[in-house]
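A single structure is presented below for examination.
Letters A, B and C name the chains as they come in the text, with residue numbers starting at 1 for each one.
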């Protein structure tokens, strides 16, 4: 276990010390409501301002807007930083790097087929891993217990595959790829042709390519292409329980949040965000920096630099206007009733 | 295989025998439409009343409201019970307990690291299980084939982990916890910070704590906290393919039904129900006994003792009123057209 | 690697050669935009017509409607076929069959309990597979690395279970069943009874039956019946991350697309389609050839031969009419305002 003093934390975060408080040596990290005098914490969201006022944390990282001596906040050391969440991450990383060690070697229970290409002194193959023939694994890569790497898969350098993942035949993982437990890369795409009343399977002979620094969440599934490649571009991050259909192409630095799904052959540009539980139908183009807010569905091509909402997904202003109009409906109905009465009255006075 | 006679079933269920019928010895359980003369069945839902009239079941457990000699129901023994579903469960449990046996021991193919703490005569470690260093396992616990228990995990007594589950490092399972196959406990939370155009990973150094009698469904995923704990409270039951984000806290005795998702840092009270395919955005508080009906989304804090519907989730009466208003829209549109004509007429007669 | 010439492709697809182009020997398959002179490609969707005009493919399979000598399409051999997607599938299958070989045998690392019934010369058990006691496996079946087959499971002939699947005790897979990686068959149904403030588990003693040619996608979950059977009928295809509740019965030749969920005891007829991210509440009947479009929810029994949309799911025309009416709402609101003014004016001129 490592210890950090206040100066080290200031220097690590690039922050400005506002108040030294009563900080002791720091040995851990915690949320404002759980932290004690030996923990660093941070104020990352104004929702937690009350917690901030009451925290027992030794050190708190705060954003520029917070007053230097907030009422009631009397014991913590305060360090002002540009982005408390990022700064806190740097502290966490310091503790993590002291904790987690990459230990090269092949566990004796691992089943590695003949001819698999890797340097046993530079990769870490955990217990019960199964690596089929034709696989290549780059230096610095760790493969977690119970994972299965099928024939002819290629894995780059410094990848971290957690326990119980499956990578099917011929798929390619470039460098620094992370797979959470249970992720499935290269399952068959869902393709059938109705012939004489039966759904005949359309063979899926392509692969999945995960570019550098792609991360895939727990139990997410990425289907291999019917032919060619399903691609997830450099630096894109996929959360848990996400489904990526065959022949999808995701650009660079996209975020695909939990339980979202992309149907086959849809293409995403760069920096696209799909929030939680969103969907995209097949064969679409969704352009750079488009954002689907939670639960939205892309049902046709979508321009970039726009936030979409609803199903079918529309620019958020339009959708909110529609929602506001619907909220006014009950009032509208009574207005129309009222008008009918008045027109009835006018009509009868007329005749 | 065990056999039960009519008296034993009456006493087991605490019911009242309405009619002895032609019941033979009972050797199994079945639904009304599948049961034969040696099966117990039950009428748990009025939808199945037709099946009840035609069943060949040897014994049927019925609720108080059903007439003693319903027309056409001539052969089954009938036992009146307060709650047929619960009573049936007791009969099932009797058969199950005769069938499933806990067999302690460590399968020779299991890989158990040195120093793992458990009593080999009181736990059951199945084939191909991998247990990394620092793990503790309580008496009466069974770990299913192919499961991976990572470093420093703590598992209490009488837990049942089915096949192919993953529990990542340092997570804590208290007593009588059940994990269905493929469940992932302690995957990294989804946290990134955009730095110079790249999503930098925010380390997730916390854990997951599953309290007593928590159950987690097949292929569900529960992310470890960024720091501190993601908590599922005592007796809460999570269905299949559910996603629980980092730092979520679920209270006691909650029900989270299939394919629901909770975003990070949201807190649920006790006895909260989230029906199937619901969602909750992050950093919310959802209070005791709140119910999200199927597909509802919690997008802000929610009071307890209320049923919510829709997206954004609203009290169900409000949402149903809105839906009713929308259903009246086409009529409203023609009413307005009609009014316009009438006002046109008035206008022209005026001038 | 195999090679095909133009005549072989014409005969394989049953097509008509429109133009011989400059086709060389064909050694692979590719999409229009990725294909080179040694690839077959196809025009399956008019969206790709521009790609077709610019493709470098050696051979393109085209539908009847395309002109024989389209402008700008000058090098590819063109073969007209009834259904290019199906015809292309035949070519792919030719390459696949040359590539993938069924290799019988039991990997020495597999753990097969005593008394498991199978012909070791006719089944393929991959590395790290665990097969518990009482299991039967038919000829021609392959079980992928790391999979777990629990006690008393019965698997028919020519099944393909990919890596890391779990089939729990007593479930039955008939012939030619395919399970993608991570699929879970026979997890416990989600059933609890609230007794004295605690959710008591209702035992789930039934099984799952997958009939001939059923396919189940990656990380999908199918719960065992409370008693009796959860059934997926002959030829039905289930995509990734789908949840099938206990006692569900799915008829023959149904399609259940990714991330859909069926609650307990719902019955589907034959040829029912549930598009992506749909849902069905429990205890329903959805009749033959009903189609739920993406995101639709079945909340009551549904007639067959009808396309449903929305939540609650309604016939698509009705739902679209409602959506159109909502889109007109902002206009309607201003019309009512306008009317109010006019009636005000009439009123004041009246008085």
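Here, a contact is a pair of C-beta atoms (placed from the backbone, for glycine too) under 8 Å apart; a residue touches a chain by one contact, two chains touch by 3 or more.
For reference, the UniProt names are A, B, C = UDP-3-O-acylglucosamine N-acyltransferase.
Quick caveat, the model's predicted, so the values are computed rather than measured.
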Copies chain A and chain B touch via same or different residues, half shared test: different
C-alpha-based rotation, chain B on chain C, 0 to 180 degrees, nearest 5: 120
Chain centre separation in whole Å, for chain B relative to chain A (CA means): 25
Per-residue overlap in chain B, given as positions that touch at least 2 other chains: 128, 146, 164, 182, 219, 241, 259, 326, 329, 332, 336, 339, 343, 346
Residues on chain B engaged by chain C in the complex (per definition of touch): 29-31, 34, 45, 47, 83, 85-86, 89, 92-93, 95-96, 99, 107, 109, 126-128, 144-146, 162-164, 178, 180-182, 213, 215, 217-219, 235, 237, 239-241, 253, 255, 257-259, 276-277, 294-295, 326-327, 329-330, 332-333, 336, 339-340, 343, 346-347, 350
Complex contacts: residues of chain C adjacent to chain B: 111, 128, 130, 132, 146-148, 150, 164, 166, 168, 182, 184, 187-188, 190, 192-193, 195, 197-203, 205, 219-221, 223, 226-228, 241, 243, 245, 247, 259, 261, 263, 279, 281, 283, 297, 311, 321-322, 325-326, 328-329, 332, 335-336, 339, 342-343, 346, 349
